[in-house]
Every structure is written in C-alpha cells, then in structure tokens.
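Both of the next two complexes hold subunit A, though its partner changes from subunit B to subunit C.
Up next, the complex of A and B:
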C-alpha cells in the first residue's frame, strides 16, 4: 500500500479532488462532441452507464457543492419562484432551478440528455427527476427499489429489480448506440468493488483512539464514491487515502488537530452551507466525529448480480427501522462513540422522520448521550447557529456528566 | 466562616434574570429585567440584584452566565448552557424531579434528569415560536389583554375552542376570526393554552414523561398553561415562585460547585 502512495506522489485528497473534476470535465467534453450526457441519482447502478461509456453527472453532488459554496439560498428561491414548495428537498430545489436555467457559477454542469433515477435514496427523487424529464423532454430511466419492511431483501424484489436492471441496459444501449459488453461490465464491477473496499477501509480508521482523521473529512472525500466509484483511479485514490491514515496511526498524527475529549456519531447529511458552523463548537469542546452514517453508506461490495441488487437495496431511506438501528449501532460500537448528534434535516423527511425512535433505541442500547438539532442539507434558511451551539453544549455537558459523575 | 457569594445570570431572548446565592443555599437577591440578549437588560439586572442584596461586584466569588446571551457577559467567570442550569435549579427546588418542562420567551424544552439531578437528555422546539412565551404575547395582543390576565380569564371559560398549534401567525389569524365571530375571549384564551399544551406535550412525549414533573420558565407563571399541560400529559406538574429564575438559580449553584471543587 505504501508503494501505491509512493508511485502516485500526490496527497490522496488532491487525487480525489482531481477525479471529481475529471468526471465533470469529461461530461463537458462529451457534450461538446455531441454525445448524450446523463444526470444520475447517487445510488443508481452506475456500473451500467460506465460499461456503455456514457458520461454522467450527479445532481446531488452538484447541489451539495452549490450549497457548500453558499449558492443554496439563491437556487432554492429560484425554484420557489417557479412554484416548487419550500418543503421540497433542498437538493431537489437547487437541481430543478439549475435544470430550469438558473445561473450558477458555483458548480455548473452540462444539461441532461437522459436521466437515471433510482429511488433507493428517497422517493422525492422520483418526482424531482420526472419534473426534469418533462422540463427537457428527455428519457427517464427509472429503477424502483421497494422499501424494505424486513431486514432481508426478499427474492420477489430481487426478480423485480433484476428485470428493471435489464430494461435499463436496453434503454441505455439505445441512447448510447452501443452494445452492452458483459466482459467490460465485469471489469467495471471489479473497479466498483475495489473502490468500495478501499473507501470502507479509509472510513474504518475512525475506530482508532485517537482517530487519525476527523469524520468531517469523509464528507469531503465521499464525492468520489458517489460520482466515480466504477473507476480504477478512484480505487487507487482511496487506497492512497487509507495508506495515509495507516501512516498517521503509526506516527500518532491526525487531520483532527484538537483534543479528542469525546467521540461522536454525526447522524444524517451535513448542513453543507454551514460546515464551518457545524464544526466550530465541536472543535472548541474537543469533540471529534468518528462515526458518520452518510459517507460509508455509499461503500458496498458484491460478488454477483444478486448481491449487487441487494447492495442497491440498502440505503439510509430504503431500509426498515431494525436494519437502520443495527447499521448505526454497529458503526457506533466500532468507532467507540460517547455521544450521537442527530441532524433533523428539513430537506430529508424520510430520514429525519424515524430518528426520534432511533434516538430512544440508541439511548437504551448504547447508553450514550443523544441530542438532535434542526437544520437543512442545502437551504441555509433552515439552520439557526445559536440553537445548534446550545444543543452541542448540552451534548457536551451530558457526556462530561457521564464521564465524571457530574459537572 | 467566610460567606461565599455566587451569582447566576440567565440572559434569555426576552428577559434577563440574576440571582445571588449565599453559601450555595440561601438566596440573597434576585432580579428580572424585561429585555434580554443584546440589550441593556443584563447590566440592569446585575445592578439591580447587587443593590437588593446590598453587595458589590467585588463581593461575588464566582459568576456564571447561562441562557441564549451567555456568551456576551464579560464579567462571568464561566458559562454553561441553560439546559444543565435548568436541570440543576429544578433539582435544587424539587429533589424528586425527573422531567422538567421549561417554556421561555422563544423556546420550549423538555429535560430529563437522573437520580443525581444531572441532565440525562433533552428535546427542544425547532425554529418556530408556537408553544413559547412569544406565542402567548402575540395572542394577548390580538385579544387586547395583558399576558398576566390570561390565566385568570381562562378559568372563566365555558366552551372548548380549538386553536392551531402549528404556527403563531396562523394561530393569530384564528384568534382574530374567532373574535370576529364574537366568541367569548375566555374560551379563546383557554383554547390558546390548550394549543401550547398540545405542542409542548408532543415534545415531552418524544423522550417520555417521568414523575415528578416540574415546570419552569416565565410561562410557568400562567397557571392556565400549567393546568392545560397537566390535562394533556395526565401528570401532576409542580412549579414554584422561582420558576422564571430557575436558570439563574442553576447557574449560581454551578458557580458554587466550581468553588467547592
């Protein structure tokens, strides 16, 4: 692994940034050549488009980038002026505004010629993509993942989803004008698995005490696993990242430059416009985020088509409460957290909706402090910094009290 | 033995409260000014409590600030969130307390404390003033009555009126439309109290309601809201004359504890 780093001679975070830039640059070039460019939901089976050589952009990644660069409010208001309600997901509003022609210097990308929508991420996605399909009069390739009411994915669902995968391949063959090559598909899947394994390995370094990284770093790095997981260079970059973390563990260094008095799990999508505000009170109190749900959710490994389908059935909003609790409690135990900070995200009601019950389960099963705050992944109007600070201080004081037997 | 004086300053969104404790037990003075963070309220409250306690600033051994404006008090030796301070203040007054419902000017919170009086968990309102003191002020203005009159008027209610608990602005419109229909004000006021109880009751049930339940904050002075909450939750709710000073009391207690250690 050290050889990988030596050969590539670049910090992993630079490699990762370059990959995302390349994804969007290639999409622009394809557009210039007159090739069809797609927009894809983050957990659509990217292996299909990659096998057919189709260039794809990711509206969720774009919306997060726009929001992080403080364009979220302007774009959301643009969408609202078109009639989209402010209760709709902030990513959706930003994306709909962009699709409708709103100027956006923060993260421009080519307008779409086809859409790849998979509702494992959420059901708002379906209407969001239907609206864009109608706006641009372009094909929408839909993969419907039924909500999993049980921990196991049943065989009927596998059959149902497999048929949709096959149909998506046929539709994309028509759009690309190319025949689907199963040998290439195998290689693409190998890359995706290698990327996922390396990403999960990098995430796993949070378990060390002290952690060689801040969990917030993973929010930045995850763009690659969303937009380019089928690429060899993504696997290499994550392997380099894991190697760097390994080296940090050995050297006793960390990207978290503060005390690690406490370790927490951050539940939910971050408030991209408010990353600094989210981070500040945590660093002041020496609270490192060593567990996050959102980032590793995009790392999944499979050995055959059935396993691949099952992997695409697992997303934060597509699994039942029991699976969701097990998933998170596993992460909390592995990463040895003292508390949990839950983001009640106005943009993501399915995710936020089952958090009160999860909070109760976390307290009962893990015995750790659990605190929630209200915010939004993309619309800064839904976040109040003073409220957030009070809640983080409350979390800190409960953790102090538990550790010291009083304040 | 030398007496130890500690002061707690609770700078809220709409009021500033100060309380001085002697030897961590005896209240020597308290003050309240009806404006909060970012105003002259904290300074005036400090001067007032020093005056009524016949003390100088130099006599104080430790000052702890709390509340929304806690970060703005330069004379404070340290600060602590109002969550822990309310827990400590309520536990001092009611040692059997396990659930605290605090309704202040712009927020509502429900706290759980352990057997030792330490904060265990909490739930707070989101970015909405429905179910807070501000909600009551807006409604009182629409009804052309003083906030202090609401409790006694609600006792005269004979009919149940439902007022929305979703939004202060919508609720105000409902109140105005009820007035336009000549609905008895006392009935409307009771409806407003039940609206707050419904909103805060839902917040309380999120983490469960464990006896003894204590209500703190300025809204606790309104017995109409307190009774509506008792009905809503099916639990007896205790309060005290110090309800509005509870955060400042907790801060003064923590201040004393800092010195003891």
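Up next, the complex of A and C:
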C-alpha cells in the first residue's frame, strides 16, 4: 500500500514547476476578470500583496526564463532600439522591451496595472520600474532600502523602512479595494517563513559528500522562492524536495550523474542563456556545484515585523562586504567546496563590484582555488565560451594541485 | 588683461590645481574632508571648521584601482580610488562616501577596505526622501555624519555653526546660479572652458571665498553690455563635463553653454536649504526637495525631461548635448525618455560618450561640428 502511495506521489520538481505556472496562470485569470495585476521586484516584501490577494508577476523571473530559452539577445536588442544602452542590466532590458510591447513567446505574462519596486537588490531597479510606470502610466509603489555599511541594520533604517511598509499597505489597499487583514498577514508570514526554512533545508543537502543534488538544480527551483514564497504549497513543495534529498542521501543516489571529483561554489547569477555551456566542462571534469549564494539570499526567516524588515535589508547587493563574505564562506565551509567559480556579471554592477576583494578573502580565509570568468545573466553577447572553458580548466588544475599538496 | 580675465585666470588656477589647494590648507593647519558625489551636506563639514573638497575623479586611466573593479565601472569612481591608492588623498582627515548608484555601493566597501587609514563617513541617502519619514531618516543619517565629523575635529559643533554654514552655502549656490545665467548671456566673455573652471573651483575652495570672487565676477558680467552671439547655444546634460580639451571644441565651434543639467554643476546647486530652527532639518528638507536627477527616484515619474526642455526654452538654447558617462546606468536608463521628449519638442539632441580616460575627442569634434551646423540652421 505504501509503495502505491509513493508511486503516486508527484516528484518535488514537478510540484515546484506547477507552482510557478500557477502564479502566472492566476495572474492571467485576474487580468481577464479585470482585476489589477502587479509586477514586482523579487525582493519586494511579497507578504503585503499576498495578504491583499493581489496577483503579481515577477519581471526578473520572466527575464531569466526568456534568457534561458534564448530570447535574451532578441529582447535586449529590442530595448536597445528604444534607446536603452547595451550597458544596462540584461534583465532590465528584457523587461523594458516586453513592457514596450516586444513579442515574446518564451514567457509571456500580463502587462502591469501597478508596480512594486524594492531597491534592496540594486538602484537600477528604481529607474527600471520608473521607466515601466511611465510607459504604462501606472502607479509605482517604492520601498527604498538604504545600502548597509555594517553587518547590523541601524535602527533609523528600520524606522524608515517600517514607515514605507505602512505606506505601501495604504497604497495597495486602494489598488486592491480591500482592507489589510492582520490575521491573514500573520498566516501569510507563517507560510513565507515555512517556505524559507524548507528552501534552506533543501539547499543544506549539498553538504553531503557526495551531494544528493547538482547545485545547478537549485537555480531552477529558486523560481518558486522568488515568485511564490508566501504560499503554503511552496513550503510543502520544498519540504518534499528536502525529503527527496534525504532519501537520496540514504539511498546513495543523486541528481548529479557524474563523478564528484571536486565541489565548488558558483558565485553570482548564472548566465541563463548559457546553462548548457556552463554545465558542460563542469560535468566533464566531475566538478559539482554544491554552494550557491541564492541559498542564504532568499532564506528570509523572521518572527515579527522588525525582523521581517531586517530580513529584507539582507539582499546580496544591500549588505556590506563583511556580511557578503560571511554568507559565502559559511556555505563554502558547510558544503565543503574545493574551489570557487566567480561570475563577473556584466549586468550586475553592485554584485560584481566587490568581487575582486571577495576573491582575495576567499583565498586567504578558505585556502581554496578561486577563478573568475566574464559573462552576463541574460545577454549572451557578453559571454565567451572559450574563455569560460579555459577558466574552468584553470580552476580544475589549481584544485588538482592543491589536492596533491601543491600551491 | 581685463579685470574679468584676471578673475577668470584665478578661478582656472584653482580648478586646475586641487593638490596645491590641499597643500595650502594642510600647511595652515586645517583639516580637509573629501566628498564623493552626490549631495553630501558639505555645510556640516564647513560648520565643523574643516574644508570639504569634492572628489569627482581626475583625468587618466585606472591602474591600481583595477585590483578592486572589473573594467565595466565608471571612470569617476575608479579614478577616485586610483587617487586614494596613489596616495593623493593621504592628507585628508576623512572621506564622505555616498551610495546613490550601483557603482557607489560596492565602491564604498572597496574604499573602506583599501584606505583603512582614512576614516570613511558612510552616507546612504534615502530615495523616498520627500515624505516626513524620509526627511526624518535623512536627519538621522546627517546627525550621525555630524557626530563622526565632531570626532575628527575634536569638538562639538553647535546649531549656530550649522546655521551660519547654511547661510554661507546658500549664498554660494545663489552666486553660482547667477553666474550660470550670466555666463549664458555673455558667451563672448566666458568661454566653456572658463565657465567650467569657475564652477569646478568651488569644490576646492572655502565657500565664502568662492562667493566673494564669484560675486565680483557676476557684478562685472552684469555691467557688461549684451552682445550679439555669432554662434549657437546649448544646454549640457550629464554627470560631469570638465575636460578642457572637450570644452575647447565647444569654444572652437562657437557653441555656448546657455544652461546645464550636469550633476557636477547645476544639479548640485539648484536647491537652497530652507530656514528651519533645526538646521539638520533644513539640510534634510533641502535633499528632499532635490529633483530632476537621474540618480534620484522621481515620484512624479517624468519631471526631468520637461525640466530640461524648460532649461532650453528659458536660456534661449537651440539644442541639448548629453555627455553620456560610460557605464553610468542611471544616466543611460533615463536617456530614452529624455531623447523622446526632446524629439517631440523638436529640440535637437546630441549624445556624446564621456569619461575620465578620453584624451582625444576627435570623434566628438566631428559630431559637434555637424551639430553646430544643424543648430545654426535652426536659427
């Protein structure tokens, strides 16, 4: 009987995929019903819109999906034809092109009626969303999270951000025509916490040697933590994923089907149009990715409003150098990496801007091999496969040498 | 030399020799604080009896700064770090580092790590600066900045000191605004190179002294008869436009700067600090009032293009030259809206790539010659 049940159980990756599909399907349905649909930056406090029952789509997730399906170059060029410089973030260019009406079969979503912008990720987000608000003449709800220079978030920041949360609630009450229900908010927050914890638990299975998963899987699964972290089914899906990994550890199986000669951290956002190219030399050399910065970056766990605000102050591009280093070195140690592959992401100035210093710290503090390559999260024109292959070979050689007592 | 020329030469001497100014202050026993762009409340530094000096990069190529930045970062920030790593800033008693763009964010961390002997005063301005909660946040961070300055100078700064500094700075801003108008009306007396030097020198001078010199210049300009200008008139827009080689091309082609929307120039002195019993609130409200800037959130969404169109109309300019700082995404993001608005208003616009590394503006020269012809036909 148990075996029958087990056979009927959906694999977690299918559950996760269905959740993302549902987020976008619900947005389309809401649009058809004439309800306002929003576009939101990935680290805007999703708990607010969810509490008010507003349907929201995520341009960063859309841009990544379009880029992974090889529509990035076409969309970026469309944006450039509108006057946006090719120096601008690839996600922003794709999103601006879509907002301006570029055809896009890869990942269509409803055009927005309101915008939720939080600049904890970057300042580029502010101007990106302003441009869309202008194009569509729609309201923009702005939550500004000042950059931090210390690991602790200052009290004045909390007071400032709390006032903005309250302001955003008022603005969204008007848009939704609903009153903010604090009881529902509590339940939504519980879901968000449960999702975050389950996500972190699933990511933590990378610590096992050999790992029950290929770290690249997490890049796919993170779509749910971006688009649907306040939903109960997201928590359940990540819990199921964690259970599968646990089972794999017990059974000695893995989604990584190659040798695990070495384990690395992949630093930065992946080059979505080049996932195959990124993966190929790694699998050939038996290098599994067992640490990604997105694990802690989306693990928003909190117990009250102040803690929630502090959690939203901790995006990869809003924390100080020391916190950024601590996060990374923490997951590198936990997940026992031998090396770090740093993506110098042409699209992301705040992220790549302190990478040379981080590289130095990784080498000194962890004693592991560190190699960088040039790429882009969405624009394939900024990636050179030959350079990437050479850099991975270099990383492999340093790891080999270290293993054999050299360097 | 005329009296105007004598004064202009003095401004140019200061603008071109910030190091000499710094040495002078140090020899007088004064403490100097470097200020990154943008919107540093220099009044607090002045009130503490120290000298604020602007850090807007210098011409040249980054070398040591490459140890901290990949190549795709703006030259202003890279050259500031380069100056620091070369020891040019070692005599500063502190540096105020802002974070209003995506390059300044990591730059603050790189500067702090690379220059651990120079106290860094970290200043993260709010984007939601206009509501009361934004003003209060600004007041909180300005108060912290003041505390750090007090530590550096070793004494308390009174509200009266700050009020006096605000008065000095408001007078200086007023004098600069007047000068911009006067320079636009007298391109035959003030070249683009000289205009830049007059404005740039204020970053390296004690403001009351700059105001005294500038008031004198303004008086002379106002007393000069308006002459017919046999050339064209433009509004410049961008982050910085202080390279004499570039500005000389404007002069050679009789392209006068009638007004500007440049961060290093007019954007920095558009707004005075209004009077308030609490001078910290005055400064916070002044920042809240800042608008039409690519690096600031614009709650009204589209105020900058109409502001620049007004600048063109009010200054009798015929076109706009956008100095696009390489790798500056806020400026790049706001370019399409500006371009479309100018096109709709039938105002010619020329975009020219600009950074601290360019030494040969040959391509720009050709574009500017052609642009001048287009503008002259518009007359």
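The definition used in the following text is that the second predicted complex is superposed on the first by the 395 of 407 C-alpha atoms of A that agree within 3 Å, B and C clash if a C-alpha of one lies under 4 Å from a C-alpha of the other, contacts with A are read in each partner's own complex, and residues count from 1 in each chain.
FYI, a residue touches a chain if its C-beta (ideal position, glycine included) is under 8 Å from a C-beta of that chain, and two chains touch if they have at least 3 such contacts.
Keep in mind that this is a model prediction, so the values were computed, not measured.
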Which of subunit B and subunit C A:390 touches, first, second, both or neither: first
First, second, both or neither for A:134, with subunit B first and subunit C second: second
Subunit B versus subunit C as contact partner of A:123, first or second or both or neither: second
Touching partner for A:356 - first (subunit B), second (subunit C), both, neither: both
First, second, both or neither for A:369, with subunit B first and subunit C second: first
Partner chain(s) touched by A:82 [first = subunit B, second = subunit C, both, neither]: second
Which superposed partner A:176 touches (first subunit B, second subunit C, both, neither): neither
Which superposed partner A:344 touches (first subunit B, second subunit C, both, neither): both
Touch count on subunit A, higher of subunit B and subunit C: C
Shared contact residues on subunit A - subunit B and subunit C: 344, 356, 374
Residues of subunit A touching subunit C in the complex: 82-85, 87-89, 92, 119, 122-124, 126-128, 130-131, 133-134, 140, 142-144, 146-149, 156-157, 159-160, 163-164, 167, 317-318, 320-321, 344, 346, 349-350, 352-357, 374
Residues of subunit C touching subunit A in the complex: 67-70, 72-73, 99-103, 105-110, 112-113, 122, 124-128, 131, 133-134, 136-137, 140-141, 144, 294-295, 297-299, 301-302, 324, 326-327, 329-330, 332-337, 339-340
In the complex, subunit B residues that touch subunit A: 68, 80-84, 107, 116, 118-124, 126-127, 206-207, 254, 257
Residues of subunit A touching subunit B in the complex: 344, 356, 359-360, 363, 369-372, 374, 382, 384, 386-387, 390-391, 393-394, 397-398, 401, 405-407
